[in-house]
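Two complexes are shown next, each including subunit A; its partner changes from subunit B in the first to subunit C in the second.
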Partner chain A sequence: MIWNLLAGIWVTAAIAVPFFVPGVQDLKATPIAFFHVPMAISTLACFFIAAFFGAKWLFQRDERADALSLGFGEIGFVAGCITFATGLLFARVNWNGFWTGDPQQVGTLGALMIYAALLTLRNSTDDEVKRRNFWAVYAIFGALVALFGMYIYSRIVPANTSLHPNETLQNSSAIYKWAFRFCILATLFALCRVAILRARLEIFAVKLRESAF
Partner chain B sequence: MAMRPHAKGLFPPSPLIFARAKTQTFGSLKAFLAAAWAVALKDFRSEWRSRAALSAVALFSFAAPVALGYALSNLAVEPEILGGLLWVVLFFAAMVGLPRAFVKEEETGTATLLRLHIAPDAVLWGKALGQFALLFATQLGAVPIFLLLLKARVEEPLTLLLCLVLGDIGLAVSSCILGAIAAQSRSKGALFPALAAPLLLPILASLSVASGVAFGSGFSAAPALQVVLAFDLALVAGSVFLWEFVWE
Partner chain C sequence: MQLQMSLENWLTLGVAVITWGGVFLYLLRLNAVQKKLEEQMRDLAIESKEAA
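Showing the complex of A and B:
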């Protein structure tokens, strides 16, 4: 309970902080960036944690690990949708279009498609072990594609293809960097809490299914 | 013609039985290769009898460029767009035929026989070899038709050949692990394109860029081909490690 309360307070503070730091030069609507970037980093982290627990299920047959993998996969997908939506808003304000064909936008959409397929796969079979195995295997491959789509792809395309202001934010003053770190940790912590709660729910659901049969 | 019963039964013994015996006896690389080859040979023979996947892939590979030829007959298409169109055609053609290899095994119950008689890794490599051969054979006919109908000029043939080989390796290996998953699901082959399309996006995007270079876009194909090679290696390594969990 105390952890959930802490997560709530931390996220509220992280939402408030961007409104108290001055705007970044040449960029409008910078408070969205303080929400969008930490959410993107947390999404990728969630996908990797889902893959890690998926591998743990495969090699140790730990049911808790499978539930955690499911929790982080689902929460990562929701966080990815929020990242994508806030990215669209940021693009509309700064570059006059929701869809700018930015490699990072395309890559993030590709990563979201992977996790949409993963969620479809979870209910594709009635065999409990098979569905967990399929989820874990696809989550491991999915983390690779997500890394490619959300991080590598925009960095291998020819220069000036991407509109993403990565350098602008990285080269900004110390107050921005600390505000960013604060927001990243807050988002990651809150998403972890929600994912753990989802995992508990899944463990409970599995027990109910087992007792029903 | 009347079927001649074999001396020890109705049908001659499957080559898989010999492959299994060899694997058990020697347990060596030679036996492993023999088992993988036996699986591939079984797929070749089975496919040659029905030609179901071959016809589906070949027909789609020929029909799609014809449709594109109608739509783009009076337009000069840029090399970058041609590269993208080529891989859209080849990818969806592959999606039509590749899941057959595993769906057929599950439907006829022969998947259980394979699980019992052949080491999982040998099944993976045998199936991947079969899928690669199917893709490459159909592309030998489909790519020239694509070039002819879309009036594409190949400026760098070696780059295009490299794109086809690397792309087919990625498609063949991923189609094994995803095909096995899709075949064991409720919706069978229908799930396969939904699983394969997002997973192969990095390869398809890079192959489109590299093929565009082969058609004369003027850039360097090396970075895109490096990405394809890296992703192929990741897919092969991932498939080798994780195959057993899908095939168990």
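Showing the complex of A and C:
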């Protein structure tokens, strides 16, 4: 319970802090960067943690690693959907249109659709071991797809194609950078907490399935 | 440091509060379900011990 409380307090502080940070030129509403960007970074982090635990399952056959991989994969996907949905809203605020055809939007949507397919494919077999093996490979592949769609793609298109101000952090004051890192850690901590709880539920679900047969 | 609250900032605050509220409620729900399942597992273990 103490971890949940800590997550709640930390996230509440992370919601409040951006409103006291000096505004930046690139954005109409600076706090957007402290909510939307940490969520996007945490999404990628969750996908990579899922890939790490997927690889751990493949090498060590540890059931907990598979459960954690699934937990982080699912929570990463939910965080990705939140990033995308709030991104549409914030695009309307900043650039006067929900969908601007921005490479970041296109890449994120593509990555999320592929990840959704991979999560669905995990349940394509009833065999528990096959399911875990499949998912481990999907998680590694999904992390690479997400890295390309959410990070690399918008950086390899011709300059000025993306409306996302990628240099904001580098050109900002120390307090901006501090607040930004604080918000990233808060988001990541809360999502990790949810993913770990989801993984525990998966372990219980497997045990109950086994005891039912 | 000063509080900056334009219309766009209010919108951002609203979206952040609703989203994090939802995530936090989900977290609490997962916690509750986990405790319930733990109890179920304990009961199952006692039942199987008694049956043996």
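What we mean here is this: the second predicted complex is superposed on the first by the 211 of 213 C-alpha atoms of A that agree within 3 Å, B and C clash if a C-alpha of one lies under 4 Å from a C-alpha of the other, contacts with A are read in each partner's own complex, and residues count from 1 in each chain.
In the analysis below, a residue touches a chain if its C-beta (ideal position, glycine included) is under 8 Å from a C-beta of that chain, and two chains touch if they have at least 3 such contacts.
The structure displayed is predicted, hence computed values, not measured ones.
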First (subunit B), second (subunit C), both or neither touched by A:Arg193: second
Contacts of A:Arg209 with subunit B and subunit C, given as first, second, both or neither: neither
First, second, both or neither for A:Gly110, with subunit B first and subunit C second: first
First, second, both or neither for A:Leu58, with subunit B first and subunit C second: first
First (subunit B), second (subunit C), both or neither touched by A:Phe20: second
Subunit A residues touched - subunit C or subunit B, whichever exceeds: C
Touching partner for A:Phe148 - first (subunit B), second (subunit C), both, neither: first
Touched partner set for A:Arg181, first subunit B, second subunit C, both or neither: neither
Overlapping contact positions on subunit A, where the subunit C interface meets the subunit B interface: none
In the complex, subunit B residues that touch subunit A: 177, 181, 184-187, 191, 194-195, 197-199, 201-202, 205, 219, 223, 227, 231, 234-235, 238, 242, 245-246, 248
Subunit A to subunit B touching residues, read off their complex: 58, 110, 113-114, 116-117, 120-121, 124-126, 130, 133-134, 136-138, 140-142, 144-145, 148-149, 153, 156, 158
Complex contact set, residues of subunit C against subunit A: 1-6, 8-9, 11-13, 15-17, 19-20, 23-24, 26-28, 30-31, 33-34, 37-38, 40-41, 44, 48
Residue ranges of subunit A touching subunit C (in the complex, touch as defined): 1, 4, 7-8, 11-12, 15, 18-23, 28-32, 35, 82, 86, 89-90, 93, 175, 190-191, 193-194, 197-198, 200-201, 204-205, 207-208, 211
